[in-house]
Amino acid sequence: MRILYFAWLREKAGIAEETISLPQTVTTVAELIEWQQQRGEGFAEAFADTAVVKVAVNQEHVGFDHPVSAKDEVAFFPPVTGG
Amino acid sequence: MRILYFAWLREKAGIAEETISLPQTVTTVAELIEWQQQRGEGFAEAFADTAVVKVAVNQEHVGFDHPVSAKDEVAFFPPVTGG
Amino acid sequence: MIKVQAEDFDVGRELENLSSGNLGVGGVSCFIGLVRDMAGDESIQAMTLEHYPEMTEKALAKIEAEARTRWPLEEILIIHRYGRLEPGDRIVFVAAASAHREAAIEACHFLIDWLKTQAPFWKLEETPDGGQWVDARSSDDKAAGRWVTAGRGAEKDPDAAE
Amino acid sequence: MIKVQAEDFDVGRELENLSSGNLGVGGVSCFIGLVRDMAGDESIQAMTLEHYPEMTEKALAKIEAEARTRWPLEEILIIHRYGRLEPGDRIVFVAAASAHREAAIEACHFLIDWLKTQAPFWKLEETPDGGQWVDARSSDDKAAGRWVTAGRGAEKDPDAAE
C-alpha cells in the first residue's frame, strides 16, 4: 500500500510517502489509523487526535469506515485549506 | 422648472429637455404628470401609462406624491435598466 | 471609485490597481457585464446606452456608499459605459476588495443587483426589426429586493429570490 | 478549465480568453484570492502552499463538473497556485461565464466556497515566531455547506450562513 502524508501530519510522521506491506488485520481506514498509532513516536503524535485527521483513498475524500486494500493509495492530511 | 425626458419617454414627448413655467396649481409629481398629459399628442402618449413612468426630482428617485417647485430639476423616464 | 465613460476599459489593469499596494486585501470579487448577440429569440446588432449624467454620478456614489456601510471593504470600483456598443463589448464592471472573501463576494453581488434597478441607464437594442427599448425585468427588482434588509452582511431573503 | 501551477497568471488575459468569441456570454463573475500580510494579530512574511497533485486535479475537475450541473455556464476557469508566495501575491482565481448574471455570480461563489473545503491544499505561514500551519476554519465549512442542496440555482440555506 502506498501511503502519503501532508502538512503537519507529514512533519510529525517524519515521512512524505512510503510503501508498506499491509497487515492482514487492517481492512478499513480506522484500522489503518490504529496500526499507524503503534508504529513509533512520530506516527503516534501524527495520529494522536484523529478528529483533525482527514483521509483520501485513491484521491477521494473518505470516512474512517472506508475499506482499504493493498493496492490502494491512501493519504493522510489535516483538514484542507484551499482557495 | 427644468424637465428632462429619457428613452422612449423622450421619443414620444419629442423633446429631451425643456424649461417650463410651472402652473401654480402644480405642487406634486402627480399633478405635474396630469398637466403633461394635456400638453398635446406626444406628451399624452408619453404619459398614457403612468405605471411605467418613473420620476426623479433633483436627481433622486421619488414617488408621485413628491412635491415639486419651480426651481426643481424633474426627470421622467421608463424603469431603469443599468448594469 | 466610480467611472462613467464611453470608452472601454482594461479589466486586468483595473483589478491590479484595486489591490496593488494594499497588503490587507485577501479577496477581490468582480463582475463584468457584456453585450450578448441575442435577446430572447431576437438577434442584436448593437445596443445603445442612454443615461442621465448628473443623476448617474449621484446614484453610483450612493450605491458605493451603501455597500461600504454593509461590508468591511478596502476598495470598490464601478465602471459603467454609455453610447453604442456591439455584441461582445463590455458594458459594466464592478469590483470589491476586502480582507475577507465573503464580504468581497457579497458586496460585488449587491453592487450589480442595485445598479440594475437604481442606476439611470436605458438600453436601446438594434434588431433586424428596428430599435427596441429593453424592458426592466421583474427578476431584477426581485434580485435587488433581496438586499433591502439593512446591516452588514445581511442575509438574502430566499423567498424573494428568482 | 483547470490550471494548477507555481507561476503567477495574467487576470486580464484569462478573463479575456474566457468570453472572447462567445457572444452568448452576458456576464462573467470572478474571484481572486491574495496573500495578506496579517493573519489575526500576526504578521506574515510568506505563505507556502503544499498540495497533493494527483488528488488536486481530480478534486478541481469534480468541483467544475458540479458547478456545470447546477448552473447554465458557458465557461469555468479555476487557477490555483502552489509553492512559496508573498503578501500581495495571487493564490487562486475562479471565474464563471454565463448568458445570465445570476448564474455566473452564484457559480463563482460556489466554486470558491467548495475549493476551500474540497481542494487538497495546505498553507504554511511564515511568521516572526516561525512557521505555522493554517487551520481550516469552521466558517469555511459552513460556507460550503450552504451549497449542499443539489439542483441548478439551489438557494443557499440561510440558517447555515456565517
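Chains: A, B, C and D, in written order; residue numbering restarts at 1 for each.
We adopt the following convention: a residue touches a chain if its C-beta (ideal position, glycine included) is under 8 Å from a C-beta of that chain, and two chains touch if they have at least 3 such contacts.
Predicted, not measured: the structure shown is a model, and the values here were computed from it.
J.: Just grab the chain with the largest centre-to-centre distance to chain C, centres being mean Cα coordinates.
T.: Max centre-to-centre separation from chain C belongs to A.
J.: With chain centres defined as C-alpha means, what is the inter-centre distance between chain A and chain B in Å?
T.: 72
J.: How big is the gap, in whole Å, between where the Cα atoms of chain C centre and where those of chain D centre?
T.: 22
J.: For chain A and chain D, let me know how many angstrom lie between their CA-based centres, rounded off.
T.: Each chain reduced to its C-alpha mean, chain A and chain D end up 26 Å apart.
J.: In chain C, which residues are in touch with two or more of the other chains?
T.: 33, 101, 112
J.: Which residues belonging to chain B are in contact with no fewer than two other chains?
T.: Touching at least two other chains: 83.
J.: Between which chains is there touch?
T.: Result for touching pairs of chains: A-D, B-C, C-D.
J.: Sort out for me which residues of chain D touch chain C in the complex.
T.: Within the complex, chain D touches chain C at residues 10-13, 15-16, 19-21, 23-38, 87-88, 99, 101-102, 104-105, 108-109, 112, 139, 143, 153, 155-156, 158, 161-162.
J.: Per the contact definition, I'd like the list of chain A residues that touch chain D in the complex.
T.: 4, 6-8, 56, 59-61, 73, 75, 77-83
J.: Going by the contact rule at the top, pick out the chain C residues touching chain B in the complex.
T.: Chain C residues touching chain B: 33, 50-52, 54-55, 58-59, 80, 91-92, 112, 115-124, 133-137, 140.
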